[in-house]
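I am attaching a structure below and will ask some questions about it afterwards.
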Amino acid sequence: MALALQTFATVKDANAALKIEGTRYLGGGTLVVRAANEGDVSVFSLVRSIDPALSTIEVGDAKVRIGASVTMAAITRHPDLGALAKAARAVGGPAIRNMATVGGNLFAPAPYGDFAVALLALDASVDTGKGELPLETFLAGRDETRALVTSVSFTPPKTDSLRFLKVSRVKPKGVSVLSIAAVLEQAADGTIGSARIALGCLADRPMRAVAAEKALIGRSLTRDGIAAALAAASEGTSPITDPIASAWYRAEVLPVHLGRLLLS
Amino acid sequence: MAIRRGRGVAAINYPTGMNLGGDPTQALVHSTPTGNFMVTLSSVDLGQGMKQIMAQICAEAIGVPTDRVVVDTADTDTGPHCMGTFASRGTHRAGNAVIQAAREARQVMLEVAAEELEVNASDLETDGQGNILVKGAPQKSISIFDVALSAHFKRGRSISGRGMFLIPRSYPEKETGAMKPSTCYAHACTVAEVEVDDETGEVTVLNVKNVFEIGRALNPKMVEQQLVGGSWMGISHALYETTEPYYPNRDHGGTDFNQYLMPGPGDLAQTEIIVLERPSADGPYGAKGPGEMCANPQIPAVANAVFDAVGVRIDTLPITPERILRALKAQAAN
Amino acid sequence: MAKVPVQFTLNGSEKAEFIDSGTTLLNALRDKIGDTSPKGGCHQGTCGACSVIVDGELRLSCLTLAETCNGASITTTSGLADGGVLHTLQRAFLDTFATQCGFCSPGMIIAAKVLLDHTPNPSREEVVEALSGNICRCTGYEPIIQAVLTAARSNSQNAA
Amino acid sequence: MELRKNYFADVRKDDLHEIGQPRARLDSPGHVTGKTAYFADRNFPGMLHLKMVRSPHHHARIRSIDTSDAEKHPGVLKILTARDVPHNVYTILILIQVGPEDETVLADGKVRWKGEAVVAVLAETERAAQEAAAKVKVDYEVLPAVLDMEEALKPGAPIVNEYHGQNYYLYDSGECRKVRFGDVEAGFAGADHILEQSYQSSPIEHAPTETTGCVVVPEPNDRFTCYTNTQAMFFTLDNSSIILQMPGSKLHFVGGTVGGGFGGKVDVIVEPIAILGAKLTGRPVSFIYSREEEMQISSPRAAEKVIIKDGVMKDGRIVARKVTGYTDAGAYSRHSPYGAQKGAAHYPGPYTIPNVWIDTYCVYTNRTPSSAMRGFGVTIGDFALEVQMDKLARLIGMDPLEFRFINAYRDGDMKAHRQPTEGAALIECMQEASRAANWPVAEKYMAMSSYAKGA
């Protein structure tokens, strides 16, 4: 069947249309239009919603809510989302960033999905219209998700507490060897009170480096202080092998780059 | 962590034209009634600027400005045979064919001018500006515009010429390999300076200094285009490129420009290009083929620089961070 | 096959066509409207040769469905010259010998135009970032970067 | 860029008007305005799109092909299989008498690499062609594949290509192209040091921004106009004529404006099948490689393995060099026998060595056929040679650049393939590099010249 696009005013109607087999949601087009162009004939219906809520960014003191259709470029431009700008800029080149959406990035398979890595470190939750799911839970089940993601939300990070690093072979736009996001809270004496570390390309989707997080608690950000965390960084990972790098290489350089990020 | 610096050198030569010859190219040149010149070929411009260079060669050989020449190429109904654009042969082979055709056309042009000026054709020269002058008496002259009009409408002469260039084919002697692969060679020497991150194996090429000897820089700006782009491709080959990253395992071949790695605009080495010209005996105005060889010397120069920096030899291309890191770990283990 | 109407402004003139639903903007421009200046280098969003400007934003026309551009204002490289007078960027690409095969040039020029529209005096780093989604296989990028910087200088001189 | 006119000024006349002038390129205005017409910028009413069904296996026997569902798919005009191709088994270098014909336009009974063309689908739209292609059913019996050159050359290895009968190209000189000069074993015996090293590469893609393709239009007079980005017009026309068993006078090729080639557009792959489609449907046909096809289906630069054994003296002279080169042709010859032979002509590099032994092999494996690329037959060899030179210099404790001066070829020196050196300029390039890179070498090397010794 020829490809056809259906546009709906509401998320509800779009969700209803998505239930039909062979239907995919059209976000920025960087994933689904590409697949169609490349001859994926399993998709013959594209659905989108032009509900303005999907393109809205709300920044409150306790909560940031980003609509699923918000683009990476819109995040880099937003005056109150400076903490996320680096992660948003890590996605593609300028044209891709004008198209790629927050919702789409949650579905991007490794080595893509760098922005979702940052969201994971922020302990974001995902709204699919049926209440909010922790991002980690959402990512685990994303391949079976049929409902439209409407927004992601998270507690705004304290200034400079989100650290983000993307390592790529090609500069400035190459895809990830790996990406790391970390949200660290330090006590007055500099010791780490809480740590959330998320990794990209160390599995087929973004994952938390739980062992490394634990090993940081109560430590200070010195070479000695982070040694245990670096030693534990690979725990639970199963890095991807792709044309960019092998699983071996990704595993080898993860502690190196994590160390540099933590000491930066 | 340590960023370690090293430099390496490599020197190379490269044959011009199809290996062992036997690769003909033809050209036709004719004038229009108002003294513009058409070059008809079937050679292909891949982007290197074949059309422009053939126009300059024809203009030089006839003695007119380049903007009086139009190149019509790569229509098999009109253009005579060319073996193709490969093996650094385009400029050399087609250029020679164009010169031969242009000289034949020039001879007719001078003969017509001689009749108009009532002198011998051998006493005439062109001024490169569109006029034909009597040697030693430049006040006696005629414009090529008028010569072409006369040839067409008064004297019934076709100002045209045929060109053909062929290096006869050489057949290698079976047991000794005695053969004549090429008639002229371009040369290069590159010094590359790199930094290697000894914890990640990442290489940054800081600068490359390339010296190329190319016979004759027919159009220096276009030569520069080729050599700068070629130098980039050489570095790219050294450190990035392959369709089979786990060769001979066939898996994980890149299918797009994200997965097929090449240096981006943020990865550029500072690139210096120096050109020497030792005209070749059989090249058009001495030109050799620079297009291919300019991408070769950077590869071993970078490989040697990596060794100079971190003391490990990567003898497999591309020299990826993974290969360097594995070698560094093996080195540390010993 | 369901045909859908599309209507937008292309380089200042109104265009209206019926196209197959799901047609990319790239194919609509090239095959239906006849503007072949955007090139199809990959149809994957990885080469930038199809770059166009939609309502002031740089977009990849190969990943954009034409019917989502209804009412939009679209600019392509073929619309940059003012009559016979080349756009500053086009002039700079010529003067710095920044084109070889030319296939990436329209996309590069469009990407550079969006940069200069927002950042008239960019740093080299900003130029590199602006061009980072566009692949060139011939030049090694340096002449293209120089072309954009040259165009910016030339614009500021003209403004002065 | 700097032109250093002081070199070779004695043999060069700089009295030219147009040559040597940095004239603006006449094609650039078209490039920067988007008006340059590449082959795919031509659109014809009723144009069909060709999509290829490709082998998912490295090596397999085709038991059967069922195109019945695909033929019924809406928008499909024609499905082509091997039996539709008049001269299906071909090889492109047959035009210069390099055979045997060893490749199928469309697979016939067997596939020999993952990605090999099996069935061509012609439909009204790309989408219809893709959908119909997905409905073509090919029943394969998977065969053992060989992907490693060393494995391929072992006795008992699966035969990749029956048209050769063994997994290497048979030259008139035997299993490899040979160069023999002096007495290499005597050279090794007299050397102060011997160094044998092995170098390898993997396939490299040309990756032009414009993918390979063509648009074919049937003309009223029984002719076909083929708009193409081939690098070689008549080479492609003449091979198409053979494959289609169609007089060359029926074919009209138009091209010459190409979005990058780098050697990747000298195979004759898209044109014959597109012309055939146009002939059998009477409609214009477009066959343009997708980016994925360009990256993984079009011929790459071959992987190579190069083993270099050198004998070197403490004073820096290389006295013997033995090179064994292996070129991974993939499943079919294309230009690889030529490339391997070009390697034999290139070794031992731009150095004068009295004893040389060269063997270059063209090896078949079950991978994408390789072919020409910028630096064909030489690029990987130069990597090997010049890294080897660096190792040799360090082995004898000599500066790598000075070591090259000692061995550099000069006018009149006899090369291993028994041609006297003419027009050498390696020494001058190295002298200038020494200056430019601030890499000083002894004054005696700066005083050297490529001109014949004593001349």
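Letters are used for the chains, namely A, B, C and D, taken in the order the chains are written, and counting of residues starts over at 1 for each.
Quick note on the criterion: a residue touches a chain if its C-beta (ideal position, glycine included) is under 8 Å from a C-beta of that chain, and two chains touch if they have at least 3 such contacts.
The structure displayed is predicted, hence computed values, not measured ones.
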Which of B-C and A-D has more C-beta contact pairs: B-C
Centroid spacing, where centroids are CA-atom means, of chain A and chain D in whole angstrom: 42
For chain B paired with chain C, centre-to-centre distance based on mean C-alpha positions, whole Å: 30
Centre distance in Å when chain A and chain B are each reduced to the mean of their C-alpha atoms: 47
Between chain C and chain D, centroid-to-centroid distance (C-alpha), Å: 33
Residues of chain B whose C-beta touches two or more other chains: 46-47, 49, 221-222, 224, 228, 230, 233, 245, 253-254, 256-260, 262, 264-266
Touching two or more other chains - residues of chain D: 25, 27, 125, 127, 207, 258-260, 262, 290-292
Residues of chain A whose C-beta touches two or more other chains: 2-3, 36, 38, 172-173
Category of the chain touch graph - line, ring, star, complete, other: complete
Partner chain D, residues of chain B touching it in the complex: 7-15, 19-20, 22, 42-47, 49, 51-52, 55-57, 59-60, 63, 65-66, 71, 73-77, 79, 81-87, 128, 172, 174-182, 184-185, 187-191, 209, 211-213, 216-224, 227-228, 230, 233, 237-238, 241-245, 247-250, 253-257, 259-260, 262, 272-281, 285-286, 291-293, 295-297, 299-301, 303-304, 307, 313, 315-318
Touch list for chain A against partner chain C, complex: 2-5, 7, 26, 28-30, 33-34, 36-38, 46, 48, 73, 92-96, 98-99, 172-173
In the complex with chain A, residue positions of chain B that touch it: 1, 199-201, 240, 245-246, 252-254, 258-267, 321-322, 325
Chain A-touching residues of chain D, taken from the complex the two chains share: 51, 125, 127-128, 130-131, 133-134, 290, 292
Footprint of chain A on chain C - complex, ascending: 1-2, 4, 20-22, 24, 43-45, 48, 51, 57-60, 62-65, 67-68, 111, 114-115, 128-130, 132-134
